[in-house]
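First chain A sits with chain B, and in the next complex the same chain sits with chain C.
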Partner chain A sequence: MGKYILKRLVQIVITLFIFQTLLFVVLTAMPGDVTNRMFGNPDIPPEAIEQAKERLGLNDPILVQYARWWRNFATGDLGVSFSEYPKPVIDIIVERVPRTLTLFLTATLIQFTVGFTSGRVLAWQRGGLVEYGSTLVGVLLFTVFTPWFGLMMIFIFGARLRWLPLGKFLDPRIWSAAKIPGLADSASKGNFVFNRMLLTASIILILWLAILVLTRKLNSFQRRRILWGGTAGLLAVAGIVWALSGVGHLAWDIIVHMILPVITVTLVGYGGTMLLTRQTMLDTLREDYIQTARAKGVPEVMVRNKHAARNALLPVLTNLIIGIPFTLSGGIITETIFSWPGMGRTLLNATAAEDVPLIMGVFSFIGILSLLAHLVADLTYAFLDPRIRYA
Partner chain B sequence: MSVTTATPTRIMEPLWRVRLRLAWRSFKTGWNIFRENPIGLIGLGMIAFFGLMALAHPLLIATVWPPNIYDPLMGYDKEIISHPSPPTWIPNAAAEIKSLRPLPALRHILGTDPLGRDVLSQLMSSTQSEFALGMMAALITVVVETTLGAVTAYYGGVIDMVFMRIADVMIMLPFIPLMIVLSAMFDFQMLHLALVYGILVGFGGNSLVIKSQALTLKVKAYIEAAKVAGGNDLHIIFTHLIPNLLPLAFLSMMITVTNAIFIEAVLSFFGLINIRMSWGIMIQITQAAGYLLTSWKYWYLMFPAGLSISFLCSAFYLVGRAMDAVVNPRLRKR
Partner chain C sequence: MSTKKWFVLAGFLVVLALAFAACATPTPVEIIKTVIVTEEVMVEGTPVVKEVVKEVVITATPAPVEPTADPNAPKEGGQGDVFRAAILEDLTTLNYWSAYGPINSSMWNYVVEGTYHPIAYGIGYHRWDYAPAIADGMPTDLEQEGDFWVSTVKIRKDGMWSDGNPVTAHDWAWTADVALKLNLQGNWSGYDPNYLDHIEAVDDNTAKLYYHTKPGLAIHQYGVLGKPWMSKAFWGPMVDPLVERMVTESEGLDKESDAYTALVTEITQQLETLDATGEPSAGAWVFGQWEAGAYIENVRHENYFDYMRQVTEYANGGFKQVSGDYTYTSGDTSQVELEYTEGPWFDKTIFSIYSSDAAVLALDAGEVGFVITPNGLSEGQVAQLEPNPNVSIVTNVANGFRYLSFNFNRPALAEKALRQAIACVVDKEFLTQSVLQGAAIPVNTIVPESNAYWYNPEVPLFCEGMTTQERMVESVRILKEAGYTWDTEPAWNDARGGSVDYGVGLKGPDGQYIPEFTLLAPTAGYDPLRATTGVYIEQWMQQLGMPVKAQLINFNRILELRASGDWDMYILGWGLGVEPSYACDFLQRDSGWNFGAYNSEEFETLCNAYKAETDRDKAREIAMDFQEVLAEDLPYLYLFTTPLYDAWDNTQVMFPFTEVADGIGGGAYGLQEYVLSVQ
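After this line comes the complex of A and B, so read on.
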């Protein structure tokens, strides 16, 4: 196993190298450079432009630039963003990544749970209206034009029914009135509250996993009771702590702003998961061990949930993990529609402003993330399916 | 006196006719399997509907639609005072549409957009470009992926290793952001989009699937036989390997069309691509003019383009799924 991981890490480094090189080539192949914007300005003399080029190292041979870029990348120096000028790229990424991850991980978890549960039920309904209906709905959700779908969701739930806000991360009216000692503008207040929300969510998740592991030996009835009780208890404690903290209404504001984008991403992803689960379930149902289980009189529900679904879980889960970087990059659409200040929207703005360092930074981040996701997917596969042995 | 025998060539059918008959027979069996699944038929029907829309547009422009009113880009209806105007067939059209004189009910079946152009005409002319783009992208992908899959599987070794690393990179490429960045930096037109898309996808995941199929074909007896008969590598790859990979390639073609149309719509929605008219541009215009989030009154601006993209994408996807059962015998109903 260790040898396999090592081999994969070497592969990852090679892939990352090709990816970054490709990125570098594409971005340097772009006609013109930063100084082009100064040409039209009569206040900037040509010498100053030349000087800026010299200072930015744009006159150096391309290989020198390439080597310098790798050196900076290796030391974690991604440069300074042009469009949000004095901010270093790394700070922007560190600020935006949690927002994107929260949005999409929440949506992914929900759509996976719902999609897998409904997919395995639908696989049982072969033929007839239910099958065709669910396939059509699944395909429509899977192929729906996401920007339009998002806008329709905003139109219905935000503009017509007025249940939810139209977009954005927080409501400035509430946030500018709120007082948090030491923090002046609502952006830093937002980060302050949001980071604590993330901390709470991680603690809940870890405790929940701990309950899951500790109750492993109990029978399923007791276990389910403890699990549900524990979940409710954890959520209640977290809710009380936040309500007493004085910034509870601010956290609630962020949650309210999250609901609509999460629902949209969930619905769009749900179709794919449901269809894939159904397909793999149908494949699994042909296996001999299903026949055996039925022949020896195991109840249908048990055959479905224990014998078939667990084996169908593998490809769905792998697909999900590999899909995380894609969801992140597909987030460019959702985040733009909902004005959610995450990585995708940052990338689109950077592209519009030709902010090369920021584009590079965001792409490198997505690249590394998706490589790691592939590794995790492979390892999960080996962990879940004992038949697979990596030598 | 010599006994004349009929030459074998006279009795035998020419080779092309045999091939044609075989192809026809396999098409018929394939079609029979395809037909069992109503989902594939629904998809095919939807594609046919959009195809008819695309074909009808030039005919309508040439016959009943004067270009100065109905041109998807330059048209303008001077008879109507304020645009956008609702469809002319709605019950209280005279009250809703501020026009100089009562208009015939079929003048603007889906109303006009904020710039005074006929929505139906825009919708139909966009269909043409979506089809053209989808087909081009799919064709390029199929050519790239089958060639690559067959060649890497056949030769193996260093070639295989190099292309597999490239495929790894292509799989992990964040596709939509990459296309957005590329189209923002370079002046993208439809053909460029199809080329870039086809090559990126062809080098990526699809070629892996094709390659694994080619690996199983490579060890079949007929390839051995072709080698023994003295066929060189190119001959074997192009006449024995690739034709047997095509069914699988056509399957992935359907998904490619779906994705290409989706990407084009996203890019034109963000205003990053240089084309005359497309569904994405129609949504963008509606949104930019502020009619998308106002009221149900503007349904003729909100729904046609968005639904068309979704429906055409799902149509190709449904056909792909139904074709899956034809290509992949394991999935057929027992």
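After this line comes the complex of A and C, so read on.
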């Protein structure tokens, strides 16, 4: 296994090199550069634009720019953004990642849970009205034009019914008056709260997984009781801690603002997960061991959940693990429509402005995580399916 | 049916109900009304027009009942707590050295930070009146003192920075010194080292401007006198060491050398990364807080020197402002046209960042009072807002134009007659009204009509008001007169219902066939107006037998080709300032913007005279003349400008005036100092 991991790491480095090089070539092949936006301003004479190009290193030969990128990348510097000059690229990524992670990880996990559960049930109840209806809804959601769907969600629930906020991740009226003890005036209150929300979610997840592992030997009834009780307990403790923290209302405001984008992303992604689960379940249900289990008189729920669903889980889980790094790119459309200032909008604005260092920085981040996610997916396979062995 | 299925059905019904609730429109009702109409009736065999009383049935959809006041009832403005405005992008920096420089010149920085820094003289948003801001009266005329041209400016004594320090001439002199010594670019280049030598602070309230070369209006009145001042007390300790280093290390360096460029780059970068936290403001607003990606808050400046400044605009161009003990009056003050009072009327402004569509929905829902957009709202967004009685919409005109540029390095295009024939055949009225459906407004000179003081309405126009047939005939006449011939001459074909038989084989006065041209225009995805215009102009030129092909390509690619000189014609656009020296910047022989290599002795002479002129009225006369020359020579064929739509929630805010060139959002950044709270 160790040898396999080492081999994969070497492959990752080579792939990353090719990826970065191709990306650089594509970006530099685009016509124009970041100084193009200065051309519409008569107050900025061509000489000043030329000087700006000089300052940004855009007049250097392509190979020099390419070497500079690798030098920056190797030192973890990533350079300075052109469109948000003179902010370092790494600062921009660190600022936006928590916001994107909070939104899209939540949406991805909900979507996976709902999609997998419903796909499993639908395959089991094949031929019913519910299956036809749900499949139709799944296909509709899978193929819906996301910008239109997002705007409709805002229009119905935000503008017309006024149940949920229209966008952004916070209400300035609440945040403007809020003071966080110990936080500098110039520091981002939003990131302070986002980071703690992510930390809370991580702790809850780790503890929940621990409960899951520790209760493996118990019977189904006891296990379920402990799991539900443990989950409720963890959430209650987290809620109390936040309520006493003095910034609980800010976290709540973020959660309220998350509802609409999370529902939208969940619904759009749900169709794919549900249909994939349903299909793999249907394939699994045709296997001989399912017939055998039924012939042995194993209860239907047990056959569905333990014998069929666990085997159907593998491709769905792979899909989830590989998809998680892409949550970092943050769904450009969703972030733009919901005015969510994360990595997706950053990438869109950087591309529109031809901000090469920022685009390279964001893609590098996503690229590295995607390659690692592939490795994790492979290793998870071996963990989940004892038949798989890597040499 | 099982319980599960009932739940599914119930869930489905809930979703349907929600959709209906959201989308339902009120039922139309029929109303019978008595009206008086004029009708033609026959009286003893003679038709007579008479007023007749009639009952008519009107089908109407009642407007939704809103718990707000009657929108038609007169409203009063006054003080308010928070002015909530939507902006479409985040700030990029709080460091104004950077924000005012070339790389970081995002409009959104100016929207938020533009009011922090004092200027000596400003231009009013409504009529573009040129008036003192922190200066006390107008500057003295430029006079020669030794090698210098000198003007003195008196400065008001009531200007205060928000940190409690007075605003003095020393702040101005120091800012100019930094800009000149560090050779700052972008908007800072208004402190132009080609003219300005230095500014001397004679005392706290007197500044003397020393020019080594006599400046004109663009450099003096609309340049140095309108550039921002930075607080010396705040920035001095951080910036002075950089200036010292620049002076020391640049000694003996050639300004064209790589070493000098590297030094400027390094020091400018250090300047632009200085921490601006706590920077004081002297303007109407003081920075409050910035939550990156979400909102920015400005707080009313308690010691703002122009707080509650009363402005009176007079019909014949007169202007008066009263601020505390300070009064300034100019021009004929016999007939009052408009009176208003500057605020700020709100305690805070919160700029929330939305995407464009979400901003419009937020305005529709009353979440914000105004949407600040650089290019106004789109037609679709206006249509979306129009039914809302709480939203008022106003149209202004963009101070800019889209134009067709000719490359004079192509001999065929350097022929004036050819360009005039093209100008004749291009029917701007038809294009803007029929093709672009009113989404554009024709422009005929380099100064758009909205810039009334500098606009010349008398420039020569080609074929204005003519029909398509007349345009074709006149274009052919212009070309023939200049010696052009065809293998097959264009002709009007009545037999085909009135259309043009395209000319074939156009030959120049030298008897050579006109070579094929390419007309570059941005793609429809980038700008549908310019793309459509490009295609129409291609067709009109082809009617005259000109071998032209329109190419709709990436905008950045057009800029690249333009810079390389490898182009024939392109359609691009300019956003403009108030004072029209930009015409010289664009088209003078040695200007970096003169990509088409336009070269006219007459225009050169006029531009040089204009640049040297310091009297506004005399400069205006010269501007009128160069507009005529350009309209005749046609280095640019001006095409159109666009209407700008602004919308606001009339239950939250109101404006003392809404006629603003470039729009309330784009040109006046939301009139933050003037916007009133609806009482």
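Operating definition for what follows: the second predicted complex is superposed on the first by the 344 of 391 C-alpha atoms of A that agree within 3 Å, B and C clash if a C-alpha of one lies under 4 Å from a C-alpha of the other, contacts with A are read in each partner's own complex, and residues count from 1 in each chain.
Following the convention adopted for this analysis, contacts are C-beta pairs under 8 Å (C-beta built on N, C-alpha and C of every residue); 3 or more make two chains touch, one makes a residue touch a chain.
Keep in mind that what you see is a predicted model, and the values were worked out from it rather than measured.
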Touching partner for A:339 - first (chain B), second (chain C), both, neither: second
Which superposed partner A:221 touches (first chain B, second chain C, both, neither): neither
Partner chain(s) touched by A:51 [first = chain B, second = chain C, both, neither]: second
First, second, both or neither for A:359, with chain B first and chain C second: first
Partner chain(s) touched by A:159 [first = chain B, second = chain C, both, neither]: both
Chain B versus chain C as contact partner of A:151, first or second or both or neither: both
Touched partner set for A:189, first chain B, second chain C, both or neither: second
Contacts of A:172 with chain B and chain C, given as first, second, both or neither: second
Intersection of chain A interface sets (partners chain B, chain C): 30-31, 151, 154-155, 158-160, 166, 336, 354
Chain B-facing residues of chain A, complex: 11, 14-15, 18-19, 22, 26, 30-31, 132, 135-136, 139-140, 142-149, 151-152, 154-155, 158-160, 166, 282-283, 286, 325-326, 328-330, 332-333, 336, 344, 347-348, 351-352, 354, 359, 362-363, 366-367, 370-371, 374
In the complex, chain C residues that touch chain A: 4-5, 8, 18-19, 21-23, 82, 84, 89-90, 92-93, 98, 102-105, 185-187, 189-190, 261, 264-265, 268-269, 272-273, 277, 288-295, 297, 348, 350, 352-355, 357-358, 361-362, 364-365, 367, 554-557, 559-560, 573-577, 582, 585-586, 592-593
Residue numbers on chain B that touch chain A, as the complex places them: 38-39, 42, 165-166, 168-169, 171-178, 180-182, 184-186, 258, 262, 265-266, 269-270, 279, 283, 287, 292-294, 296, 302, 305-306, 309-310, 313-314, 317-318, 321, 330-331
Chain C contact footprint on chain A (complex, rising order): 30-33, 36, 38-49, 51-52, 54-56, 82-87, 95-96, 99, 129-130, 133, 151, 154-156, 158-162, 166-170, 172-173, 175-176, 185-186, 188-190, 336-339, 341-342, 345, 349, 354
